[in-house]
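Chain IDs A, B, C and D follow the sequence of writing; residue 1 opens each chain.
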Amino acid sequence: MIEGIGVFDVLAVSTIIFFVGLFGFVTRKNMISLLISIELMLNSVALNFVVFNKFLYPGNIQGYIFTLFLIAVAAAEVALAIAIIISFYRMDNSIDADEMDSLSG
Amino acid sequence: MDILSLLVVIPMLTVFILFFVKDMQMVRIIAAAGMFVETIVTFFVTRNYVASRGSGDTSEFLMTKDFTWFESLNIHYFVGVDGIAVAMLLLTAIVLLAGIFISWNIEDLTREFYISLIILGTGVFGFFISLDLFTMFLFYEVAVIPMYLLIGIWGTGPKEYAAMKLTLMLMGASAMLLVAILGIYYFSGQTFNMQEIAHAHMPIVAQRFFFPMAFVGFGVLGALFPFHTWSPDGHASAPTAVSMLHAGVLMKLGTYGAFRVAMYLMPDAANEMSTFFMGLAAIGVIYGAFGAIRQTDLKYINAYSSVSHLGLIFFGMMALNKTAYTGAVLQMISHGLMTAVFFALIGMLYGRTHTRDVRKMGGLLKVLPFIAVVYMIIGMASLGLPGLSGFVAEMHIFVGAFQNPDTIHRIFSILAVSAIVVTAVYILRVVGMMLMGPIKHQEFEDLPKAVWYEKVGALLVLLPVMAIGLAPNWLVSLIQDSLAPIVEQLSHSGY
Amino acid sequence: MDFKFTIWILILPTLVFLFTGLLGKKMPAKISGWIGTASMATAMLLAYKTAYEYFFQVGFVDGIRPTIFAYKEVWMKFTDTLVFDMGILIDPISVLMLVVVTTVSFLVHLYSIGYMHGDQGYYKFFSFLSLFSVSMLALVVATNIFQIYFFWELVGVSSYLLIGFYYDKPSAVSAAKKAFIVTRFADLGFLIGILLLSFHAGTFDFMTLVSEDGPLLAQTAPPVFMGLSIFGVALSLIFVGGAGKSAMFPLHIWLPDAMEGPTPVSALIHAATMVVAGVYLVARLFPAFQGVDGGAVLHLVAWTGAISSLFAAIIAMTQDDIKRVLAYSTMSQIGYMMLALGVSGMEGHHGLGYMASMFHLFTHAMFKALLFLGAGSVIHAVHSNLMKDMGGLRKYMPITHITFLIACLAISGVPPFSGFFSKDEILAAAFEQNKILFAIEYAVAGLTAFYMFRIYFGIFWGKETVYKHTPHESPLTMSLPLLILAIATVFIGFIPFGHFVTADRALYDIHIDPMMAGASVGVGLIGILVAYILYKKESTLADGVSEMFGQGYTWAKDKFYMDEVYQFFAHKMMFAGVAAPVAWIDKNIVDGFMNGIGWITETFSMMLEDWQSGRVRQYAFSFILGLLVIIFAVLYLNGIIDFKG
Amino acid sequence: MMGAKIIFYILAGLMILFSILSVTTTRVIRAAVYLLFVMILLAGFYFLVGYNFLAGVQLTVYSGGIAVLIVIAILLVHNIEHRLEQIPTFEYLWKGGTLLAGAILFLTTMRQFPFERIVGTEQVSVSDIGVKLLTLGEGGFVLPFEVVSVLLLAVMIAAIIISKGEKFKTEDND
């Protein structure tokens, strides 16, 4: 049922989504937008895992499992990120990433 | 303790004592006393040197002391002097002592001021006695760094800008120097000992690369055209004693280093590139003089005049013969003394009139006779009047420069010689505007006359200027004796 | 004969200089004047003793007057062979100059005691005078060219100090500055000449330079510049130095302005001694000038002298300031001396020009000093330099009047006054050598008589002026020097000068050619006559004559605009054309370049700082960018991607 | 099997489309919704390749959990009509251009690699996954499992502390 699809085609989709996510990450200032971009990238990575597992090593299971882990970690990350965003919002009444510049030298 | 190291130890001790002194008057006295002892020791060094030369000691450096510092890197604390170094030590001692007296009336942070000043002096003394490149570079930095503090804290006008500019350019130069010194170290068999390096004969390719680096690196400090631009701003902002020491002594570190390190250690490249640098120096000579014509600020005038006179030093070095080298060293001393007095006098004038603009002054000969007369004498020395030290130095340089009949050399030489006219123009312009003529402001009618410490400071430096001018022979022979190895090195370089 | 005592001629004024300079302020003013005068008197006597012993006791050795080194010490060693000596050289011209300098200096010292009376800087004045005297004396006894240069500069600076003596007067300050800078400019030529000689001749010593088998005369060097050999070039440059000091055209512009100084100074420095240093220099190196390149440089000397004398004489006729007239007259007379040297040969009759030149130097020093001191006496009485403020003074100042008249007659070449003898010899020498030069000088002789008597009549006759204070004769200290100089002016012409100073130093008897003498006296008398007609009585005749010359008169009165030309060069060319651009370049280009480096560094660090903004997005982007570049580089370098297809 | 292929391309096209929309829209709430679409479409892809459990997890955790979390966060900090600032065209162009170049670099590189597709028929059952996750030995994933567990715990605590931060802070200040 999936024979006609080439590995490259799937990888291309994954790459494009990844770069779109990157693009969002570097252009947006809103922290939630950043989070969305990160999720996009994570998804594209998950796609990669799946496609390598399924198309190249169908007998194995690692890709599958790691996608699961990835989803778990992503969930954790989002939870944490949203906690941070909200606390930041409480402090500054803003979630503009450019205003978080306490890393500045 | 050998006598040369004493020259470094005494200022350090003085600084140490100064840390614990609270009373300002006491600080001054201790600083003066320390430097007085230093001067005495310098005279002893000179006497010992002359005595051992007289008794037939012909080794290149005398009173040497070698002490291994870092075995693994072959770094030594290696000191010793020859005639040139002795002459420079005398200059330093005199100018430093005079500088202490001239800044007698500094009120804020007196102690810190004297400490910085003496640290600077320590660096200079150490520099002149070092025979090990590493030690030399170390002392060089010790001398340059207090400069920034001295200008930044006790300066006037746009002092931060000036201090920054000065520091950046000097640090850039230091970086070049460091590269050059390391280059010398690696290409001469991993040694910092100057005598060994000189005999090791670095490969010509390395010399071609490192000679310009070392020469320009020191040249920046010696205000070699076109790297002189820090000097007018720096001098204009620096306090009096610092200008004195800086123009009088510190800039000589540049010229001395260019001679001792760049030329002596890399003679082949020096020979190859002499014409280029000679041209640069000749342009600097005439350029500095013309630059001084248009200035109205006394310190700027003097700074440009320094560019011109220091250009003559480089010019003399690049003429590549013994007479011109003698002239270059004499000019270092002569210019050091002259410019120190100049800056001292400018400081005194500024302290009274609160302006350094020559257009605003006038007729000061009537109200400040001592300062005005000394200014005139030094001005005359600066324009090469016979009987004063400038003449002796300049004539050596010119005669040396004319010993090469090559056309391009002749052109550069004539260019450099013609600076004597331009120098006369700007000196007399200042003398005419500032010292002569009617008094322009009512409040200048009764300015306070020079006080004792000012007189002492000015005369300390003025008298050697006259002494050298009237009886140059002892100094000339002191220098010329020591030039033999350098001349040897530079003339047998295979070119 | 031992001339060791000559050192005292130098030491005495030196001591006086130091003593009055350092302590003069603390002493009563009079003392410094008298000390200076006394020391100069002693020096003068010593100079006479030198002259007597040299000329009469040493006499001739092998038919020529010998050169004696009283002292010769190494002062500075450039190389083992190139040595800068200091010493005292005794030969005819140096002894002559010793006598001239000490005599005039002594009289000027004496005169100044009265003239400078009550001046604030009384002690300073005498101290400077002593400095000048010692410099000038050491200059004339120099044993080598570098010693001359040494003291050459020192007389320059004493001249500077004395011209600028009234230093609160801006005109005096600028005159002093001008004098120093113009002569300094000429000295540049001198110095380059010396330096060229130092290499090509390898010596500074006069004896070697002028000796037959010395480097200059023995070898023929190839021409390098305009047909001159390198020695010719060097000598020309040295002559430039001499021309500057001697105010030869076109380096003369400082001399008229130098009259801003006190009048005794003008008499000593700018009439009798320093300004003839150029002549002395040429005379000192005369065999070299004569021998190198077949005497080509001497043509330059002769023509410079001729042009200067004519030029100055024309201007002198139009000036109203009596000191300026005298200054131009000095320039004109020095032109005579230069010309005489220029037309001279070496031996016997051919060497007439040299002898005449030195003779004229001698006589001129006396009568020109007299003229200046006389003028000073007049100025002292009238408090003005301008001829329009004077007139009819013969009644008030008889001594000044008579002595001034004697000097005027002398300079006009009327026998038996001294000027006649020397000028006559010069004309004779010129006549034999070059008719054009002779014609010029002959004309100048007439002009000289005219302008000198113009001011004579203008001062002592002419209109009856009403004075605010009735002028009176000067005190004895001032009139005594006038009398002494007048006596000298009358009698020194009779000295058989050829017995003492000649080009080849052999004995030479002067013959006065009646034709020549008659002609020169004739033209002088014509000049005097014209002046008598025009200026004896106040009349409009003179104005009419000057109008006749129209534009030419205006040009001459404005000194042919030489000052303006110099002003143009100095200000437009040097200040605006060189110094201003240099200042601009320094500020904008050189410094701009250095600042540019600083700016780049700073901007770069600002950019870095910008990147170090703490903004995560930018960090991320930079990170991605860098990563992309690295990935690309790795891929490219490993050949995984390439652009060839 | 054209059907699957067509479905894949439709999925792929929509995923790319929505992902682009999600980063370019100026309404943050829409961005979240587009992201949700991308996740659902990805789950569709998982179904397509037969990873049904994974697809389920994707739907529940991602689409159901994370996306909703994001939407809630948006609602907490923004008005629902909140619009993001426009990105300057210049920034768009140069950052976009750079990243486009990067994407092309990646794609061309990947294209050169000859992937050998192996068609397997193995199905992954949920029990397999459960066993593997808790197996210690060869082919077991107990270590990462534990690590993730700890991580989740830590994150949970951290999230609580951070979002409660205000309170701790005020207590400190008092």
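Keep in mind that, in the parts below, contacts are C-beta pairs under 8 Å (C-beta built on N, C-alpha and C of every residue); 3 or more make two chains touch, one makes a residue touch a chain.
On a predicted model such as this, the values are computed, not experimentally measured, just so you know.
For the pairs B-C and A-D, the count of C-beta pairs in contact is higher at A-D.
Remark: subunit B and subunit C have CA centroids separated by 36 Å (rounded to whole angstrom). One inter-chain figure worth recording: subunit B and subunit D are separated by 71 Å, centre to centre, where each centre is the mean of the chain's CA atoms. For this pair, subunit A with subunit B, the centres built from the Cα atoms lie 66 Å apart.
Computed from the mean C-alpha positions, the centre of subunit A lies at a distance of 5 Å from the centre of subunit D. Under the contact definition stated at the top, the residues of subunit C that touch 2 or more other chains are 621, 624.
For subunit A, residues touching at least two other chains, in rising order: 22, 26-29. Under the contact definition stated at the top, the residues of subunit D that touch 2 or more other chains are 95, 99, 102. The chain pairs satisfying the stated touch condition come to A-C, A-D, B-C, C-D. Interface residues of subunit C facing subunit B in the complex, by the touch rule stated above, are 74-79, 82, 84, 146, 149-151, 153-154, 157, 160, 164, 167-168, 170, 172-174, 176-177, 180-181, 184-185, 187-188, 191-192, 195-196, 198-200, 574-575, 578-580, 582-583, 586, 590-591, 593-595, 598, 601.
Residue ranges of subunit C in contact with subunit D, taken from their complex: 621, 624-625, 628, 631-632, 635, 640-641. Per the touch definition, subunit D reaches subunit A in the complex via residues 1-5, 8, 12, 15-16, 19-20, 22-24, 28, 31-32, 35, 38-39, 42, 45-46, 48-51, 54, 57-58, 61-62, 65-66, 69-70, 72-74, 76-78, 84-85, 87, 91-92, 95-96, 99-100, 102-103, 106-107, 110-111, 115-122, 124, 128-129, 132-133, 139, 141, 144-145, 148, 151-152, 155-156, 158-160, 162-163, 165-166.
The residues of subunit D lying in touch with subunit C in their complex are 95, 98-99, 101-102, 105, 108-109, 112. Residues 22, 25-29, 34, 97-98, 100-105 of subunit A are the ones touching subunit C in the complex.
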